[in-house]
Amino acid sequence: MTAPVYLDYAATTPVDARIVDALPGWLAADGAFANPSSTHIAGRQAAALVATAAEQVASVLGCEPGQLVWTSGATESDNLAILGAARYRAVRGRHVVTMPTEHKAVTDAFRQLEREGFDVTWLAPSPDGRLSLEALRQALRDDTQLVSIMHVNNETGVVQDIPGIASCCRDRGVLLHVDAAQSFGKLPIDVAAWPVDLLSITAHKIYGPKGIGALYVSGRPGSHIAPLFHGGGQQGGLRPGTLPAPLIAAFGLAAAIAADSMHRDHDHLSRLRKRFRDAIRDIPGLRHNSPDAGFPGIVNVSAGDVDGESLMLALEPLCVASGSACNSARHEPSGVLRALGLDDAEAQGAIRFSFGRQTTDREIDFAAARYRAALAKLREIAPGDAA
Amino acid sequence: MTAPVYLDYAATTPVDARIVDALPGWLAADGAFANPSSTHIAGRQAAALVATAAEQVASVLGCEPGQLVWTSGATESDNLAILGAARYRAVRGRHVVTMPTEHKAVTDAFRQLEREGFDVTWLAPSPDGRLSLEALRQALRDDTQLVSIMHVNNETGVVQDIPGIASCCRDRGVLLHVDAAQSFGKLPIDVAAWPVDLLSITAHKIYGPKGIGALYVSGRPGSHIAPLFHGGGQQGGLRPGTLPAPLIAAFGLAAAIAADSMHRDHDHLSRLRKRFRDAIRDIPGLRHNSPDAGFPGIVNVSAGDVDGESLMLALEPLCVASGSACNSARHEPSGVLRALGLDDAEAQGAIRFSFGRQTTDREIDFAAARYRAALAKLREIAPGDAA
Amino acid sequence: MVTDPYSAEVRRLFAAPAHAGTLPGAETVRAVAQGVDVELSLARDGDRVSALRFRARGCPHFLAAAEALCAGYEGRPVAELRAFRAAELVERLPVPIDKTGRILVLEDAVRSLGA
Amino acid sequence: MVTDPYSAEVRRLFAAPAHAGTLPGAETVRAVAQGVDVELSLARDGDRVSALRFRARGCPHFLAAAEALCAGYEGRPVAELRAFRAAELVERLPVPIDKTGRILVLEDAVRSLGA
């Protein structure tokens, strides 16, 4: 196999070298490997690791360490927030609101709520992919309990107006959950200033390990949620299980590094995006699915006249996504892109290029050239238009 | 702080040095860090890691790799099995069976089922801590759907007769879940030979990382379970979320190492147990809570005439558990020990010493001496018997 | 989770589709179904296939199958081409079970050549 | 999750309870409540505390408080000992809020000395 060129940072990222270097000190026999719930010396060392990490993550969100619940990742955080809040508040009302352009972890949680008898309003995006505050305001009812809207879309990079959405929700006494898996550590977030109640994050999108995430829970009156599972009483019973202190410490360090390099990263990604867009600008027949105002690390483009799977193969050794990563193993055209108005052909021919801290100009140039060549090749062998 | 002497291997273990060494190759930028659901080259490298790990874990259980569902640990596995099976089968009947001596992850899941209207039978252990097959047979009813019994008890080391229990259940068409968190990789398990339907395991008890576990699901007709949460369709929808391939690879390697050294480990632990027991044999007023036939890595002893918390402090720098780890942060006497017939005073004065692969004779001797001295000191300053 | 879905053979055929193209003035058929689209042109030399070319849009297995078909029948009797069965390519490449319907589209196109 | 629940002061007092013991023939009281058990013996020299000893069973904060009490009042007027308030030790050691009830058991014992 040729050495892969990885442009799929929106799916997952490699672990930062500084974290890899620190891990033995957290995992190994002479590290802080103990159970942080144990009262003995080794347990307290592990607890200290967790406390530091909680401060690091909290300071990136603008919250208190005690407002974080550690989970296995954003999928679990999304479900804990959505199922947990809706089920807890079901006695007050059973209307909940989201968008079809959310991540599967959110849309599938809402489909579960539908099966449980909740009434879900699916708000369509404006043509730019954003939720209009007017549409949201109209959707809120007296029995609305929960709204869930993502910050940055994982397929297109569209950024929602979370502060605006949050005010809308707070005005009406509705809980707001935000899936910030793609924005945490990359765009400023301030849950102290934005009236958000629940917010999901995950380490593996910011050069931390896979398998650890968190849910911010404001804890203000009325924001309580039901746990997904039960056990040893850890984390106030909201999310039990032996705390994986080394993973949490890694998440904390990843958050601290992300905060420190947020502006640098953003500039880097903006420059890469411009370079890539410039390089593919003259390719005919492309539809650009990522708005200029979107997160610069994601460029989604589609060609409706080529087969998506063949395009992926022709792009090798480029590692990019067709549809979202979780969809790529199946073969459905992305529901998110369909909701943005693409037809099936355009959606299945979409490629998401996503860049990261390690991405170089050379890789961008290689990707653009490869994309150009792959499209040319597939178009060349395709039959003419008259079918 | 004095360097801790760690005898709390039943709570959690340090990560094996071979795994620590392998992690950079799985986590770092030039490692197999990608999302194993991605179809591109990097994704397929990660998928290959997961496939190898699944084979390693499966071969220790005697099952097929495809019968494993990756979770965040045994707490989640226990809940997925218990809540998932009971909810899925609720239409057929709502009677379920377990024991009060199970881990909190099991008992709290059953308490949740009680809240959901299930009828739970709590079977008391025999004086030796084991479940009598006769008692189990009598408890099974026509509407019984699920039995959950642990293999090795985390507080005392009592080993249940899983093959016998499994036959009982299978005869009556009842699903059996086994919490094997404390036995996986330490005692032989053979799910192909024992008719077990669901079995929970976790990596961090066998020198793998915290934050990764698995549930074995036999998949035979009638053994289906409902997921706890919903999302990108990974693992057949049973447990979604980006698969943490590096943690899974670490779990696989930990399982392979455990299988390889199972007999050696068992002999080592048996020798340590004998040495420790011999060294404390003449201390007066002790109650031995771990049976001879139990798992040799756990020795639970109690002194009813000393305060448990003061005993823990007097034992420093020994790291041991009072009650189970998850209980130690709270201050309730262990429910497991109470169920075995200890009174409150004996239960709160219990100490669990648990040994591991790295435990040395010196540490055993140090522990025994420290325990003797701590008891002597606390007893000396205690008031006389006549209150 | 995915292992490599493409055999070395599929990769080879996909990477170098030497028989992609159209034969000007030759007999040409087109089949569009199941999300794939294929055009075959056949040039004969008596009852032999002197040249066989394809144009196609579809997944890698489909493109590889079209290439394999053209490469495999050039120089052979037209009657043998007519007897082409999708099953033979499905097995040889191989093509995953859920895609065999697409290879049948190729079989249909062959069948309608000179029909 | 736990940070060290014991201050350096509690650790010091717990590790070396110099005033643990009984004074033979001295005035002795015992209090048992809230899961703790304490015995105090007081020897006087006029209206001074010439010696104060304890025996106790309880958590580290309780043992430390008993030691601190005895160490703190030796040589002082009995009247001051009588005025002992649990609050002073709760603050000084310090003792976590959920355990202050136990220190009150100590206060009760002192109160009943020579009562």
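We call the chains A, B, C and D, going by the order they appear; numbering starts again at 1 in every chain.
Keep this in mind: a residue touches a chain if its C-beta (ideal position, glycine included) is under 8 Å from a C-beta of that chain, and two chains touch if they have at least 3 such contacts.
As the structure is a computational prediction, the values presented were derived from the model and not from experiment.
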Both-way neighbours, i.e. chains that touch chain C and touch chain B: A
Far-end chain from chain D, centres as C-alpha averages: C
Separation of mean Cα positions, chain C and chain A [Å, integer]: 42
Inter-centroid spacing, chain B versus chain A (mean Cα positions, whole Å): 33
Approximate Å spacing (C-alpha centroids) for the pair chain A, chain D: 57
For chain C paired with chain D, centre-to-centre distance based on mean C-alpha positions, whole Å: 94
Touching two or more other chains - residues of chain B: 37-39, 43, 234, 243, 329
Sites on chain D at which at least two other chains make contact: 1-2
Pairs of chains, among all present, that meet the touch criterion: A-B, A-C, A-D, B-C, B-D
Chain A residues touching chain B - in the complex, by the definition given at the top: 1-2, 4, 6, 8, 11-15, 17, 19-20, 23-24, 27-31, 33-35, 37-43, 45, 71-76, 78-80, 83, 103-105, 108-109, 111-112, 202, 204, 209-212, 228-234, 240-247, 309, 312, 316-322, 324-330, 358
Residue numbers on chain A that touch chain D, as the complex places them: 36-39, 43-44, 47-48, 50-51, 234, 243
Contacting residues of chain B [partner chain D, same complex]: 305-307, 309-310, 313-314, 329, 378, 380-384, 387
Chain D to chain A touching residues, read off their complex: 1-5
Residue numbers on chain C that touch chain A, as the complex places them: 1-2, 6, 11, 14, 17, 20-21, 30, 32, 35-39, 54-60, 62-63
